[in-house]
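By written order: A, B, C and D. Residues from 1 in each chain.
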């Protein structure tokens, strides 16, 4: 059984999720390569050592460059904030190592494009971490649409709205400052996931008009009220290359919405609906049935659906958030094994970044933007 | 007990609904005036006579002008296609009779404004027929927002989408032709209801950008395929005078959506959600509860909620479509009794028409339009 | 157009509902007979006169015997408490007048049987008022089962649970005393509706075992705490003549359940589910579909479904509680016109009473009871 | 960091689930002991070796007695059919090793009691595998009830119904034969999970009456149609020691129900509802709120809820089936570390077996059975 020794940079939220996935993916799927948790890097040697002990990594370091360069590390996972991605990816390219990078790829499309070109020229396996689209239900949505089961797509209503900054008493942070985050707020934090879903399920976006807002002008800062610099919420109208239209909402202040990643996709012969808060169901409507027997059908995920059976369960047993990461990891292992990029590649991540950037321009200039 | 003798013009879908409401409103509510189904007019004397017999009207006529002028008719209900409204309303004004007119008021804002000015100058009670907003749940939504229970409104996602023209084999009709319908398709048919809801619940709209589409370019016509002239679907971004933003979708081709009149309204301290397909529930989220006990609450309508108890029922017994019309009729009787216009007045209808018109301009010129 | 002059006894909750239905049924349905609200009787002449004025009845009386005997009254509706039914029905029989009696028919099966035999021997049209089963969705459920669409029924889980006496601070009343109500509490108040549904949808019950409980032993009475004499809640196991089995719950203290009239019926080839709190939907499962496309389908009621189109609406517009009574009234008018009993007849009501009585015996003796 | 070397017997459905959980539990939770996948046993050495390689176990064997006796194996997980449990547990006791055994513990209460007494006399950590009750939502239900938040429990409606044998064309198997399965069919397969939930959430059961049925009398066997020997479905009425009553359904032929493990629990001050098919939500009703704001609230699981935060996620990200097993494994590691049994202990499993046995007696003799 072939092994691949993984190096992980970052020990936050996503670092833990990747660790859990690395440790169980080999039992869940029949992967050709079995991952080894070889080395973890955080900003300090002490922190890295502690996380290595707690999570079960063989070695640790406070120097991510050392991790990437280590001869006993075969592939890299980057789970750090966006501003650090570019240097790390270029180091991976220099070291000739396959790389999985968390979203968003870069802080702007120019950065992302540099990364895309670097990995493509080097011929390295690469992948960007969009996990939500990995659920069996969203994979089934892709199958349903691709097979023509709902006809030609004509309309999409999508959103990724949460309420993690709903309370104005929550302090300003790197997320709310342009200097440390990006010019985009919720537009960078949550919108990329649902933009990615739209691209995956419907196809390229040809034009858009966006509107964004800062809802809470200030939040508590270290020296008193601090002005918030990027959007709390917004929405856009979309036109797709295939003629479909749609709307898309994003928010970090949407009271009551916890994982409000939903899409409703209408076609000429049917429709489907998905809500990440009930991630084990896909709602499907078939317009060809007799009128008295037409209605949305709640399909609970089960063994016949994509990537479900490997989790070893009957219909309705259910997968969760960490299982999405396990599926992602399986795909990254395939990328490493084959040497080829696997969807979503860095280029797919770049396409998402282009939409986010166009939305920023559109909101600023209050006009439609062609892509 | 005072009586008011009603004259109804139109014996279609809405004519029947108004008849049913007129006959039961007096038993449901303690109205000061009891309506009498005095005279019905349709385009032919025979048709009118037949409907009078079937539905229980005292008299009938094939001439709507005779009905309006009849000395034994006290108040008028207009339930005919939009192109006929202006002349009828002006005749009511000439006769000095209170008038309830179905939506949309006019075929364009200029027409609507003429009607508004006519009834206002004459000091006549007037009302326009937006029924969906009459449900106890939508009235409760209004109460909740007006009382500040969810704080300041910051975002709205709304839609009125149906699928009555989803099938491209359905023939062209007056609805799909500009000459007989209006330049707006679904934008005139369904969008006014949900625009009205946004105005009622959130307040005036200050600017918008809209996008519309003809999904099926042709439909069967009397002489073969006929080009469709107005929109099948569309969506808009909204900015409200109070600073809230939102998106709004409308469609006559949304497969699977039967009464897809929904709104999700987010405030700084909570949120609410309503879906007309389950019209006896309002979902309410209170952000002030402790974190472990926060969640959307499904409020089933009951005696403490607006206009519910008169229907004589316990919680959850449920009202339906015709009950909305009964509530509307109660309000029209109040208008007639007091001599004052009652919300939604012709002017409220005109405000809706202005939004529809701005959306047409915005879609045509691909730009934001201020109101 | 033939008229039928109705006499109504009772001006409570159901009296109002019947009044509303009588006034609109003629416009909703193409009935052969049009009802006239001729005379209303309550316990006092003053009260009757007041209700007649408020609701629109031509005449009134404080003497129900006078109403039944009145030569200008053609058919009788009884909407009074159960203890009054027997005498009124026998008077109707003596007068040879068709009669619609509210449920439960009698206070015990012996009383009910006397009424059944009286109307049957007299050959009078008769009907008992079970309204919930009249919804388009429950009628559709009947169609689906009768057509074999879900195969042979094998199991039923049903309930009628509400919370109108959930609060122990609510006072004792006629409902909680055997002398004024019946030996059965919730078992008589709510269970008959869902027992009737089981009989209608699945067929005769051959045996049962029941368990009942008084949850709040006392409630405030006129002279301090008063002992409660009949059941607050209970449940039973059922065996049907066709071999199916099931369970059935009933309660007046089920916190949070407002109109908890639900049934889930499983067959050898599918299943269906209905919840009165969302009365415009029927959930249907077809086991013959391919495994990856099996799921409960939410059918929103619309024009192809039973008794929906007459309410003049598109799919999803929705009917409510009062519309159930309108449908019931249409059937009673048919009964009067034809001279024949219409389902549910007095005999059907008697069959429900027999089940309730068997449940009392079973609970008292803690054993299965055969029917 | 202390290690515990695990020996696993069984490589079926649950064997895989335990493997996945063992590999990730250490990263998910801060466990005092970190498990090592030391040895796996199946019925053949070849099969065991293959599973060891595929799933990542250090060693393997075709002899479960050798596994239990192995000096480098510290604790045992039994994931084999019920008929094998007794001998394995007694071997664990002989070897003095902590043991986690899948449910049902024994084939009848007598067997289970032997195991209980053996581990208790030996003072060994022991646990039985009821996974569904481990979800954050079901743990929250336990908290809510235990804290008195819904008052005293008065009624329970529960079920565990699935449709894995719904199709009569599915062949007879060990499950449908008494000689290889047990006298109980669905009553042994699925009912124990929901019986366990009732015991956990409401308390001891004092009496019951049950009814069971074989729906499909025969299924294809190796030599033609074979008679089915145990129940396909059934239901029972329950009385609890604390005075509450309830009903409970179980089925393996409930068309459309995939993971129909639901409970609705009503108290004197509120109610709650859970459905395993949407396992990340608990519905809660608080009767103390003002009447116009009473309704079931959908609580999406999140960091404040039991055992959620360790999975490293925000509200609504969701846990799945395998996460239940991870939680179970965390508890088993605690048991091993402390040397004490952890809920649910073998004795808890025995209590479930007693209920199942009483239900068999009740169904056979058609009478209530006291416990």
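By definition in this document, a contact is a pair of C-beta atoms (placed from the backbone, for glycine too) under 8 Å apart; a residue touches a chain by one contact, two chains touch by 3 or more.
Remember, it's a predicted structure, so these values are computed and weren't measured experimentally.
Note that among the pairs A-C, B-D or A-D, A-D reproduces the B-C interface, with over half of its contact pairs the same by residue number.
Comparing the centres of all chains, each the average of its CA atoms, the largest separation from chain D belongs to B.
Computed centre separation for the pair chain B/chain D is 54 angstrom, with centres defined by C-alpha atoms. Between chain C and chain D the centroid-to-centroid distance comes to 41 Å (mean Cα coordinates, whole Å). Along chain D, residues 281, 294-296, 300, 302 each make contact with two or more other chains.
If you sketch which chains touch which, every chain touches every other chain without exception. Against chain A, the residues of chain B that register as touching in their complex are 150, 154-155, 157, 159, 163, 166-168, 209, 211, 213, 215, 233-237, 239, 243, 245-247, 249, 251, 253-257, 266-271, 285, 287, 294-296, 366-368. Only residues 140, 281, 284, 290-300, 302-305 of chain B touch chain D when the two sit together in their complex.
Considering their complex, residues 1, 13, 16-17, 19-20, 23-24, 26-28, 30, 34, 53-56, 162, 164, 258-260, 276-281, 300, 302, 311-323 of chain D touch chain A.
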